[in-house]
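The same chain A turns up in both complexes below, where it pairs with chain B and then with chain C.
Presenting the complex of A and B:
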């Protein structure tokens, strides 16, 4: 675990060294705040955190692939992956350290959006406990998106390819739970299959997240989701060892 | 220190290593030579745990590279080809990161980094970002990274490629210094480098070891080279008499100056006693022998002979 921590620290520092992270952080918060404030205004001059948390998944799908694309692809292209893989560190620890740093950076970005509930709190009353629960949940699904993006980044040395693949796969995963899509599929697929696909999609969890109502199943779902993609990530790196 | 037994590695259908075996004793500095694609880097990547072998065995300091990979990796300092570095980090930060991840304990880290910095002559640049450094300095940072945890074994993949002659000399000196404390395997294309800094040379070609020995051993295996002589005497007669006396040789004039002529006498099928015979011939005729020298076979000749022939075969196949 000590090694994971060393990787974690280096990666997190790396985020703050690179301009990409700042541009990314500012853009993502900016877009998020602008969209949620403007839609709330259009919808009836009632700003609430619900709109914000409703938009967050979509914004994450669009932005996170840009953040995660470099995680392994860059290391491979620069050759530093060879260095990492010859340090006396288990692959799982490398993966966890990198993943942790990205989630920590996202936590930082989410913290920057706290301005919104704070402002709302000034002009009206805000119930903080569901808002904080929603933040925690947002971090969870943002983390699961990172796991997907990181997995794709380990598959290629081309960052753009990694970005496109994670964008598409995140979008598909999202769509799988979308009511209209489910309806469309109903005639084509056996019901159990639709249930499975629907179960995989993070879509249905967004709503409960938005309401700030969290249940253990949500946690288990996101933990499994992350676990699956992180494990696949480690397998990809391990297979590189064999193939060369 | 290092034992390699029938090591094999295939990339898809391409067989990069076709069963190579060698062993390295503690304190040796091994020069790994071979044309591009011979399998040098592949061997190093397997020893450092970056790649898994497709067959055979290898161990470092008694630990198997597959079964006990972590133990092996902890005992190796590795400089990969093309020296990958985290360009956005500062030199001291980078070395700190390497020391931490290699498990140098907290109290010793500063001293370990200090030692690496001094050995590699990095004192002036520790506060700089790696991206700003010249290629020579980057190379030294790569070396510092490899030695920061004082590993018993150093594996350096082309540590001097792409450097200018001055930098090459500096890095070579550094490697010589390191050789006194570490067991070193280095690969290179610069043959002089191996002559100067390596105690033993292994030449690989097409995934196989074609030579293994000290510089003198390798050179001695080659048949003697041609004879060069400078004689003051009638050119036509010298050549004619030479041909008569020593059958199966060819004499060519290399250069002429004032009243002397330099000859190049090829003895591919000649006897070993050609120096004596030639000297006697000159004296008997009353000419003056000004210079007589046997061309020494060089490592370059050995290298070309061992690696060029098979390349042709490969082209035909």
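Presenting the complex of A and C:
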């Protein structure tokens, strides 16, 4: 675990020392807040973060691949992956450290948006518990997207390819949580398969927590989802290490 | 033949690679299966916590209380077709229903039994569904090559103790909130063994421009199917004026007018005997009609020739009904709950803007509601004169002003959450009897309280002939007329003192008869009997005395006997209990200063297209009032589960009348712009600033490192 922490610190420092991360943060919060305040901050509207959290998945789909594409692909391109592999750490520690750092950075970016619920609290009676639950859900949701993005980043040397693969897969995962899309699939697939596909989408679980209801099922899902992609990521890296 | 040499090492590497990839894939597939199973099991055995402050996703005490009350078995028959065959949009509703039913079974601890049937799987079950009234949802589904209409079932039957039952033919709740709102009243219905009985007497409003010869009553509420399942209403407006039966507990008096002395006596004896009298009173009646001209119609509280006055009678019980019409000039009071979607609640003007009809709210202070706020906190605002606060007046106001909804009765729980009472239309003043110095002067043994108050910006006046704010004609004329209307109100507001008007009053105790010390008014049948007796006596006086020969009566007439004179047909009136002068049981009188908010045309939204008025909260208030009167608290928690008002207020609405709306609009626009800008820019600026600081620190560290090297 100590090794993971070392990697985590190194990666997190990397984020804060790189201007790209700030550009990413400013753009992400700017777009998210710009789109949501026009409907959230209206006299007579309800003090609710519904619009903000409704937009968050789309913004994550657009921005997160940009953040995750470099996680392994850059290391490979720069030739530092080989060096990393020679460190006396297990692959799983490497993966967990990088994943943790990305999630922590995202948490920092999300923290920057706390001004909106605070404003809503000043001018209306905001219900804080669902808001905090939604932030927790957002972090888990973003974490699951980071896990997918990291996996694709480990698969290829090219950052753009990694970004495009992440973008497409995240968009598909998001769509699978939408009833209309699922409805369209009913004519093409058996019911059990549709249920399975619907059950895969993180969006469904994000919505569930976002209402303000904490459900053990949702936590188990996010843990399993992230665990699966991180494990696959570790397998890919392990095979590379073995290949030399 | 030359065979190329086999590169054993590359071949084995290739195999190794392939084997590795296969192993990796297998690894991932197996892991996915295991994790899938874990998620599936977690969804079966889940624990959830509702974090919402108003418990939006939890069962209310109503459901818990009802299930706790079960002394027999409650059987729930669920007629559901399989979830996987439902269209996707309906699957979530099934999940909601399943979760809710499971929770009921758990709560019931053996007293709630759930049985599931699939009507599509068995013809016998399909027939049973049809017999008991469960209906299929006929939903269209399509593939790339065909479209079909499938029958899906999602209905419930509740059977309590093997006897009473209730069927919910189709249901598709989107949330647990909706599921509870549908299922819990159904459970309450099967648990209700005895309907609470209410009596009523009504006097209908005049219908203008409509084909309703009988006038407009309150049938929409009184005969509402959901209410009739739990309550029984019986008309006691009797031509003869018989006393009310002793088992009747509550009597509604809807819009009393033209009351005879006998009717007043009936009411008097009812409350003296311990009954609960609920009066929906109006001081005046205004015709609405298609043009909404609001012209006064004749209305007299007492019938012609009546010696006793209804107002005096109520005063003797401790109720002071001033037959004045009220206007509340506080914008909080006359602004509808939702000025965009529900502008027609009071008065609005329809305007076509190319996209459809929009309704613009017309400030009309004769339609208003009690505001759930403590008006003493606004004393300074009301004591302001030309920008200066009169301290002495403010102190007096602080002492005298009260909250708009001061009562803790459960009737008002929901309305307090909404922040307002039901909308009233040309309401009247109903308060408690007072003596000089505004000191309460209730009869001995009587207690009373005012349950609803208007704001301190209330004006009271004798009902004027017209209360039309806009008049008839083109837009310019209407604007002029509205200007005059507002001007008149503003002048009156300046001239009259600030005071709150009571809108609803509740008086309880052992009442003394208003008719004590006098003779009781006679019933119609008694009067007829007396008249008949008098006529008979007069006739007897005209008859020939004994010994005198009766004049030419034909004795040999053949045929049916001649009919008796009409007077002889008057049936003998049944004897009546003596007048009770002092009650031995406590009675109760509730008087509301409006009846229009319950009348059919207001409740049913007859004037919605024209721009209102429409009573949005009349039905809700009446339903909760029935529970309140019957002291049935079972559904209170469910009914009062209203989402907390979380409306954003950047700029407070002008608290006093005559504030310039343009200034308020400018202030709002500026503040909104400022708040939005700050929310967008501040996080980005903070982040960028943080970045600059980090960069600066790094640069400094680098410089010092290089310097140390040098």
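Operating definition for what follows: the second predicted complex is superposed on the first by the 230 of 244 C-alpha atoms of A that agree within 3 Å, B and C clash if a C-alpha of one lies under 4 Å from a C-alpha of the other, contacts with A are read in each partner's own complex, and residues count from 1 in each chain.
As a convention for this text, contacts are C-beta pairs under 8 Å (C-beta built on N, C-alpha and C of every residue); 3 or more make two chains touch, one makes a residue touch a chain.
Nothing here was measured: the structure is a model prediction, and the numbers come from that model.
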Can A:242 be said to touch chain B (first), chain C (second), both, or neither?
both
Check whether A:125 is in contact with chain B, with chain C, with both or with neither, and answer first, second, both or neither.
second
In the superposed arrangement, does A:224 touch chain B (first), chain C (second), both or neither?
second
Check whether A:232 is in contact with chain B, with chain C, with both or with neither, and answer first, second, both or neither.
second
By residue count, is chain A touched more by chain B or by chain C?
C
So in the superposed three-chain picture, is A:115 touching just chain B, just chain C, both, or none of them (first/second/both/neither)?
second
What is the shared patch of chain A, the residues that chain B and chain C both contact?
17, 242-243
Given the complex with chain A, which residues does chain B contribute to the contact?
9, 11-12, 16, 42, 45, 48-52, 70-71, 73-74, 76, 78, 80, 82, 84-89, 93, 97-98, 100-103, 145
Taking the touch rule as given, give the residues of chain A at its contact with chain B in the complex, in rising order.
2-3, 6-7, 10, 13-14, 17-18, 78-80, 82-83, 85-90, 241-244
Please give the residue numbers of chain C that touch chain A in the complex, ascending.
17, 20-21, 24, 27-28, 31-32, 35-36, 38-39, 42-43, 46-54, 56-57, 84-85, 87-89, 92, 141-144, 339-340, 644-651, 668, 672, 675-676, 678-680, 682-684, 686-688, 690-691, 694-695, 698
Note which residues of chain A are touching chain C in the complex, please.
16-17, 19, 22, 25-26, 29-30, 33-34, 37-38, 41-48, 109, 112-113, 115-116, 119-120, 123-130, 132-133, 179, 182-183, 186-188, 191-192, 194-196, 198-199, 211-217, 220-221, 224-225, 227-228, 231-232, 235-236, 239, 242-243
